[in-house]
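Have a look at this one before I ask anything.
Chain naming follows the written order as A, B and C, and within any one chain the residues start at number 1.
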Amino acid sequence: MKRALQVAGVLLLFGMVKLPLEQGMTHDLRKRRLLEEPLRLGVGEDLGQAGLAASLGGLRGLAACMFQLRAHVEFTHVNWAKVDSLYKLVTRLQPREARYWEEAAWHMAYNAASFYLYNMELKPSLRGQLYHDHVKRGVAILEEGLKFLPDNPRLWQKLAEVHWARTKNYKLAGDAYWNSFTHGGLNFTERFAAYAWAQSNDRESWKKGYAILKRLYDGGKATPGLIEYLQMLERHLGIPVTQPAEGSRAGGTVRQPQAGPVR
Amino acid sequence: MNTLPIESAANPLPPKVRFSLRRVWLLARATVTQLVRMKILAFLVVFCLLAAGAGFAFSVINPEQQLNLLKSVTLGALQIFSLVIGVVSTALLLPKDLEDRTLYTILSKPVPRFDYLLGKLLGVLLLIGGGLVVMDAVLSLVLWLRQTVLLDAYLANLRSEKLDSPEAVAQVREIVARQGLTWNLHWAVWAIFLKAAVVSAVALLLSCIASSTLFTIVITFCITIIGHGEALIREFFLTPNLGGTFNRIASFALAVICPDLAQFDIVDGVIAGELVPWSVVGDMTGIAALYVTVYLFATHLLFVEKEL
Amino acid sequence: MPETPAVSVQHLTKVFKGSLGKGAFRAVHDLSLTVHSGEVYGLIGPNGSGKSTTMKVILGLLRATEGQTSIFGVPSTEVGSRRSVGFLPENPYFYKHLTGRETLCFYGSLCGLRGRKLNERADEMLVLTGLEDAAARRVGGYSKGMLQRLGLAQALIHEPRLLVLDEPTAGVDPTGSRVIRDLILSFRARGITVLVTSHLLEQMQEVCDRVGIMARGRMVREGRLEDLVAVENQTELVLENATPELLAEINALIQTAGKDARLLRSGRPRTTLERLFIEATQESGKP
């Protein structure tokens, strides 16, 4: 009995000493993004018992992978609601994994939206409605992801691409491309921000776009596409049109620039 | 043989028997071979097949996903392996030696009980550590091979579609490198080992108290699961004015009893590409060593007077 | 200066605490015994009499509730007391995956032996116990008798002054038992003290100098074997080639001149089943 009490005493004392150590360690690891924040308990029911046990057992990444694979299977069956709900779980389990947000948005804004748009079994008005709903869903997913990863240039880039190609909101596309660039995105995102702004209806955006393209032009980085958009902006802003460099095309039709690397 | 014993009643040997690393090592080696004979390392073969399968299956998903899946599956398998082996092996050791009377023949020799305990625990840790080293090597090899194949295929695809601008190529290389083999993966495996060490020490403590191996295994797994949520429980307790008296007492008790095993769950962060600095490695190792030392000390207090 | 006894047990009481719902159990009650250096002491008694418990307390595997035990003057609670002891438990079990030699080297290393000395001792013990041919075989393939002999070998490997043997011939065939008994007698000849427990009384009778008889946790009789087993008022005569006439004369003599003496029985002495078994199965001595 004496020994049992001694052991209980040792464990109790150690237990009290370890609490602040553990607390400090946990905060440090969360700050360094090596540990996730605790799982939001409301999601527990959706995960199912096995998923919840896995996620509490330090296997959140594995659980997310498994759900992602299931989502892929549902994608092949064009079960879009299921794809969306599974990716919701995936992004809850791994909110700081940009790739999952990107994939979830891609499925909604591109695959699902296009599926409904070209589904001849539906009435035209419904097709259009569903198309827009799913594009909006894709945008919402990326915006939610950016709350967890506000500095992720890829997510900003993907948001820009969706606005450019799907919602046709060029101001928002330009803003997103610019955010991507300022957070360390690839060089082309700076140019594409200007291109998007050039196609918007916002004067302030035109000015920002013009400043970027003029700087690049003066720096000797003129491409035919850049020259065309620069000329477009000069017309919007009433600035004397820049003479194209020798060999480039004259002003006129605007080529659609490639929206980033092909997936 | 006609030699009389060396000692005589007039010249007795000094009674004190001190701690001996050599003795501990001997017991650890015997434990490793004992566990290996139980075919525990068959899991290694299963793991290698799993790694190969996870690495080269699922080619329908994109390369980044494939690499991520490979790491998640294999590191998840490493976690499961190390925890299950740690709990089950340790829970079996003492009862088996007691049942077989091997414990009598060992402790009837001049072997301090602490040496015996430490030797057993060290043996389990050597087994887990050795298994993890092998599996880490297999994982690294499969990951490196897969990443090389995927990168080449991806670049060839870009070239064929004339989309291989320097920026696109740089982005692809960066993505594949981040998801591929990095030094941080080995720190993740080290963290898995540290967690297994703590859990094994808990199992050893419980096996001293419990009379049934099954009971030890079940309770250790319960503590392991609670340990992964101990941070939540601890934060609940440390937040003032939260919850009723009973809840606060219960959360205090659980937070004090259970180790915080989530501290070693850096696997997901590493897979996501986060760096593991030396300070974190040092802190994790230090806290694991503290847990193991205290649990081993508590086990010794119990075992030294255990009726055999 | 009186020699330090090999084993000293003074007023030993051992009570096992009961678990939930069960009372405490007193396994040994106020037991005292002394084993002198160089003798073979038999501790006998029925199952559950406390023999094994007493041995375990002597070896430090259990703690006494009351009283003290010591080995060559060193309290049993000290780990150092085990330097002088070799123990063979009942039905010994060794790691199956090790060979006989590896098993001996393992236990020898635990006792502090190493290098050439360890190997030499292992070889000596294998020869002593007749296991040199099986040294390279895995223990998992050993017979019961071989396991017992291996157990003896590991008990002796570090040259102990005291051997504690718990039921050394339990489950062993008569030939193997004979070998073990002969070994015990050789230990005595070499000055090694032996404390042996058994409930095979005939075997104990052949090897012990002194015996202690336990029952229900207490020592009920103790002393030199000859003194204990002698039936004081009876005399045994064994005659060879006696004719019936001679036997009749002896009987008549007892009746007329024997006063209170009377003939209890006569007939042919019997060999033992054990001797018969050994003669019938005689081999080279190595089962």
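Definition applied: contacts are C-beta pairs under 8 Å (C-beta built on N, C-alpha and C of every residue); 3 or more make two chains touch, one makes a residue touch a chain.
Computed from a predicted structure; not experimentally measured.
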Chain contact graph, described as a line, ring, star, complete graph or other shape: line
Chain pair with the higher count of C-beta pairs in contact (A-B, B-C): A-B
Chain nearest the overall Cα centroid: B
Between chain A and chain C, centroid-to-centroid distance (C-alpha), Å: 82
Where chain B and chain C are represented by their mean Cα positions, the distance between them in whole Å: 46
Chain A and chain B, separation of their C-alpha mean positions in angstrom: 36
Set of chain B residues in contact with two or more other chains: 305
Chain A-facing residues of chain B, complex: 58, 60-62, 64-65, 68-69, 72-73, 75-76, 79-80, 158, 161, 163, 165, 167-168, 170-172, 195, 224-225, 228-232, 234-235, 238, 255-257, 259-272, 274-277, 280, 283-284, 287, 290-291, 294, 297-298, 301-302, 304-305
Residue ranges of chain A in contact with chain B within the complex: 3-4, 6-7, 10-12, 14-16, 18-19, 21-23, 25-26, 28-29, 32-36, 38, 53, 56-62, 64-65, 68-69, 72, 94, 96-97, 99, 103, 186-188, 261-263
In the complex, chain B residues that touch chain C: 1-7, 9, 12-17, 22-23, 26-27, 30, 33-34, 37, 100-102, 104-112, 305, 307-308
Complex contacts: residues of chain C adjacent to chain B: 3-4, 16, 37, 56, 59-63, 72-75, 78-87, 89-98, 106-107, 109-112, 124, 127-128, 151, 154, 158-161, 164, 190-192
